[in-house]
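The structure's right below; bear with me while I get my questions together.
By letter and in written order, the chains are A, B, C and D; residue numbering begins at 1 in each of them.
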Amino acid sequence: MIIVIKAGTPVVEIERITLEISRYGIAPEVSLGQQKAVIGLIGDTAEIDTKQIQNISPFIEQVVRIKKPFKRASLEYRNGEHSEVVVPTPNGAVTFGQNHPVVVVAGPCSVENEQMIVETAQVVKATGAQFLRGGAYKPRTSPYAFQGHGESALELLAKAREATGLGIITEVMDAAELELVASVADVIQIGARNMQNFSLLKKVGATGKPVLLKRGLAATIEDWLMSAEYILAAGNPNVILCERGIRTFDKQYTRNTLDISAIPVLRTLTHLPIMIDPSHATGKSEFVQPMAMAAIASGTDSLMIEVHPDPAKALSDGPQSLTLPAFEELMLELGALGKFFGRWAKPNNTYTSAALATQVTARV
Amino acid sequence: MIIVIKAGTPVVEIERITLEISRYGIAPEVSLGQQKAVIGLIGDTAEIDTKQIQNISPFIEQVVRIKKPFKRASLEYRNGEHSEVVVPTPNGAVTFGQNHPVVVVAGPCSVENEQMIVETAQVVKATGAQFLRGGAYKPRTSPYAFQGHGESALELLAKAREATGLGIITEVMDAAELELVASVADVIQIGARNMQNFSLLKKVGATGKPVLLKRGLAATIEDWLMSAEYILAAGNPNVILCERGIRTFDKQYTRNTLDISAIPVLRTLTHLPIMIDPSHATGKSEFVQPMAMAAIASGTDSLMIEVHPDPAKALSDGPQSLTLPAFEELMLELGALGKFFGRWAKPNNTYTSAALATQVTARV
Amino acid sequence: MIIVIKAGTPVVEIERITLEISRYGIAPEVSLGQQKAVIGLIGDTAEIDTKQIQNISPFIEQVVRIKKPFKRASLEYRNGEHSEVVVPTPNGAVTFGQNHPVVVVAGPCSVENEQMIVETAQVVKATGAQFLRGGAYKPRTSPYAFQGHGESALELLAKAREATGLGIITEVMDAAELELVASVADVIQIGARNMQNFSLLKKVGATGKPVLLKRGLAATIEDWLMSAEYILAAGNPNVILCERGIRTFDKQYTRNTLDISAIPVLRTLTHLPIMIDPSHATGKSEFVQPMAMAAIASGTDSLMIEVHPDPAKALSDGPQSLTLPAFEELMLELGALGKFFGRWAKPNNTYTSAALATQVTARV
Amino acid sequence: MIIVIKAGTPVVEIERITLEISRYGIAPEVSLGQQKAVIGLIGDTAEIDTKQIQNISPFIEQVVRIKKPFKRASLEYRNGEHSEVVVPTPNGAVTFGQNHPVVVVAGPCSVENEQMIVETAQVVKATGAQFLRGGAYKPRTSPYAFQGHGESALELLAKAREATGLGIITEVMDAAELELVASVADVIQIGARNMQNFSLLKKVGATGKPVLLKRGLAATIEDWLMSAEYILAAGNPNVILCERGIRTFDKQYTRNTLDISAIPVLRTLTHLPIMIDPSHATGKSEFVQPMAMAAIASGTDSLMIEVHPDPAKALSDGPQSLTLPAFEELMLELGALGKFFGRWAKPNNTYTSAALATQVTARV
């Protein structure tokens, strides 16, 4: 952190500022130029608020943070080594991380009934994806929109998990339901609208369960990493960052703007694994394939895709959901590209592309 | 709501769509043009999701909402009459509303200690302001920043209330603390970052206590009114809307962009009273006066101003806080402008502008 | 400008950087801390590109500009004194500036025919406004929309000027038409879409004529002042800055978001006079009054208002235009508020509020 | 276009509105519901301004455009067939289009001297790229920044063209220089800041030369296509659209946000070929590779990459420029991915990947 002192500041004031700063337990280094003085703060300044420093004196022209305000989330914190989040599932442990195959999470926006969630899970499993997503508690803009089936939906997710061995990712909206959600979910999702619900972040941090942290609609990369920092600082190192589209000036043809460039930017700033959600980002199923391909090409560790057995009858977010056959086709394309980049899991014993090809043909 | 059907859609499909729509309990009216058909939905469509309708058929070109998606928050809901939110305080009931004097809320970002909050409250009271604000639970971007003194700060707010008779406005961040907060607060604040924390909205809706709903950083006017709708639909009609700056492409010189035009826009859409917070919006104390004046000139019902006895030592948000003398001066200016517009409370028996002038002089 | 050098940079590299910097003709001051070195550049750095400095060495961690990149537009350039732009008109010189009455510019979006422009000018004149605006060349999003009557419209503006003595403000879109526009206009307008048409800025800078520089849709305050700097650097000191709404994430209920906070921000950065255009900002005539009032309350030097004798038949921008009687009423309100702030011109001999009241009554 | 009439509108007013509309030469179809009437406009409504229609009557609740406002740029205009832009170059015709290999354009931000531009061109050529870019006239935010060498730079581009046979892409900023630029350029670039310089668009439209139209910083997809429409409507069908990053709320770590999702969106709206410029979008050379890969994976027709023999000494935009060896490596990666998608040109007679590998090795 560097403090620029205004030209003409009395020496006695500079001394006072230096004294005040030393209360923070960091060593200030004053360098007096002919016109301006600069005070450098050496040490761990991540926990210091620049505004607090600015407040010390009206003679302070500017406070410039050189180190990042996030610490545990920073790449430096792990000496440049990227972290892995290992999630145990009935089918075995799945690892999210830069040196691992791309992990695919798929499923409907909302869990609607047993048949649809189990049928979906079976196809998701067959394609080689490792996680089932499905909303039990749904954050909806309107109080009159379907709010999710809640606890009973969690039970259905547990059944789908049992039937397929897939890991489960589902959202928690309220700390009161955290224990319940954590009893079913293998990864707990914090939605975009709760990215700065700091109370909730602290509480999911305390559980130790892997957390999928979606980026807020207008969250800067730094805001987002600071929210991850809340979870990490609460003692939970298992955080996956999910970009799901940001709000910009143009939403005529896509719901949000998918910020693919967040991938390489995050790589230079943080060790945490990255997921991309092209379904919520674009809001239209026809744009999911090109954006999923782009995400793999720019190095994502994971993808979240919305699928639904009958999008036209979905209780929420139908227009952005792929049908099951469309998802199967997409997985073939993603698999080919994933293999090109050396980041696709080998087919396991229950699945071959030939078998899938048959399925796809059968459906058409 | 109007459904535009693609050119060349078979009549049988239009009939199917019409049938599907009638399940929503509203009457569809089909009008067949030479090229395109249009189906109008007559009745209360606020609770219908346009995406659900879009899902019905791939032959639907566009679904256009004519009525607003909010209902209880809409101006039509009260036949064009603006509502009042009446808040009992020890000094008497205070009314927020378009036909009432501008209500001023002032106080520090955080409650730091008894002396500072009581001293601040006394000056706030002396200027004629009606509410004291002060944070007990603080939403901070960084987990390392001061998070508020919590319960003990609530106790100090209660003391300040007792000492001055001012109403208290303070933020709730977690449903677990709602009862506690509600036991001290006369108005419960929902912060910008929790504007779409729908679980919390439902719970403050259930309390019946007046709620100050701050606009989210990137919330559209419609998002904001839909969040108000959550509270109203939960049975609580006492909602005040607070604009506190939106996030735009430029934050070099102000923290956020204060959207003053929200005032007249809201007037045409909703009956709810409006508050403007120029302190959080601009992030700099020097911009508070011109923005507060602008807010009054464009018709705000209320203002929230940050003041602190010693901004240079504030535990949070010092740069945007006014000193107590600066606040007193501001109140004289606001009072003059408020009177020009016929929207300023008459001085009560404990306060005269002469007395204040003396105080201001004494401080200088 | 401050250059932060990465920790562990070899001394010889720091010396090389220092040497490179001295080529810019400014004195570098190196201060070596225990971990990081900082180089301060003392002198006139406005003309130095931070990216150029960043390029010097990969050991440079950050380049921080302390001085502003604009110079002639800066408040410091005039030692904190605000400038005046004096525009000669047939009715006498009109001064735009902080210590002068608010100047009102009004007129239709486009000049349509002689009758409408002269009739409008007469009412504009009668209300005490000093300038007539009217588009001869119109920047339209669509090539199929009305593009303005061009040269013949300029002739009609000249007639309206002759008939009323009002000054004329009209836009130039093409350097080829600059001479022609300058022969009629008292103030040449650069539209929002041409704010960074640097070729055109240099050319209007060379004319010496007063220039109204509208802010671009997504121009930061700094971008805008840098565009003003182009005109100033070309030798033309007569620049007025016009805020006309910025593009944000929400355009459902207003066309743009009027950035009223630009007024106090500009006051701290530049000496140039400021105009606010609430008509283009909001895009709706019903929002013009509250935003114009807000602009006066926060200190604007000037206002631009769209009026049209028959908005329903306007060839462009009808929905945001006031009718002539509505404009007359608005002027009474603005006048009252302007007088409250001591910033309204005394009625001249051709106009009394009584006379206007009669006119307004007559029209109602 | 659909016109929604307010509830309770007198029949005589609906008749009047219908009459007014028929003046536009399109057939209005009235459908009277029990509450609201809807008027559908059948025919070519692209050239009708919705605001003009809105103006017709205060009884009009909403005007909804169903057809797009662009016509010649629309996919429908070519019955769903994507267009090709064929550009003759000394090395033969190069085709931009969806069924053709990805075209690569590379070169420095500015043309600085003969040696650097010719050396760059030779490497660009050797990698298999087809076009050399290089700025002669530079749009710079600051009047004090390097503005390009102008005419002499054009001469150097001509020399580089002669030396390598590459096509030339360079920007025109001023109609006065259009003829000169067109005499050297094979493709004329319109920069982001001039995307709505409608005078210039009309003039490049009149030349018939291929035009590269960069998207404005805050231009919606629709704004952008309307600007293309200006060129097309002027009789020039050879337009290539270039996405180069949009301005959002976050510019801390990348200069702009590259809108990769523009690719699939444009595919559904327009027949025009698409280019992506990851260099200007991100502003940092380290992010160019992942974004270029993402662009290919989501289907771009072309890429523009900044390269410079010595980025540290570049007169402009050094930080985003690749060195020549880095560009050679990038081309190998892009080539591999391009081949995966079947969209990479076969090596021609002057170039083999073995030869390039040798060059790359030699440089390392």
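The rule is simple: a residue touches a chain if its C-beta (ideal position, glycine included) is under 8 Å from a C-beta of that chain, and two chains touch if they have at least 3 such contacts.
Quick caveat: nothing in here was measured; it's all calculated off a predicted structure.
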TODO: Kindly list the shared contact partners of subunit A and subunit B, in label order.
DONE: C, D
Task: Chain located farthest away, centre of subunit C as origin (C-alpha) - done: A
- [ ] Could you tell me the distance, in whole angstrom, between the mean C-alpha positions of subunit A and subunit C?
- [x] 42
Task: Chain centre separation in whole Å, for subunit D relative to subunit A (CA means) - done: 32
TODO: Give me the residues of subunit A that touch two or more other chains.
DONE: 218, 247-249
Task: Partner subunit C, residues of subunit D touching it in the complex - done: 46-47, 49, 51-52, 54-57, 69, 71, 139-147, 173-176, 193-194, 196-200, 202, 217-218, 223, 226, 229-230, 233-234, 247, 311-319
Task: Contact footprint of subunit B on subunit C as seen in their complex - done: 218, 220-222, 246, 248-250, 252-254, 257-261, 263-265, 268-269, 281-282, 286-287, 290-291, 293-299, 336-337, 340
- [ ] Write out the stretch or stretches of subunit C touching subunit A in their complex.
- [x] 2, 4, 27, 29, 31, 33-36, 38, 40, 42, 61-62, 64, 66, 218, 247-249, 251
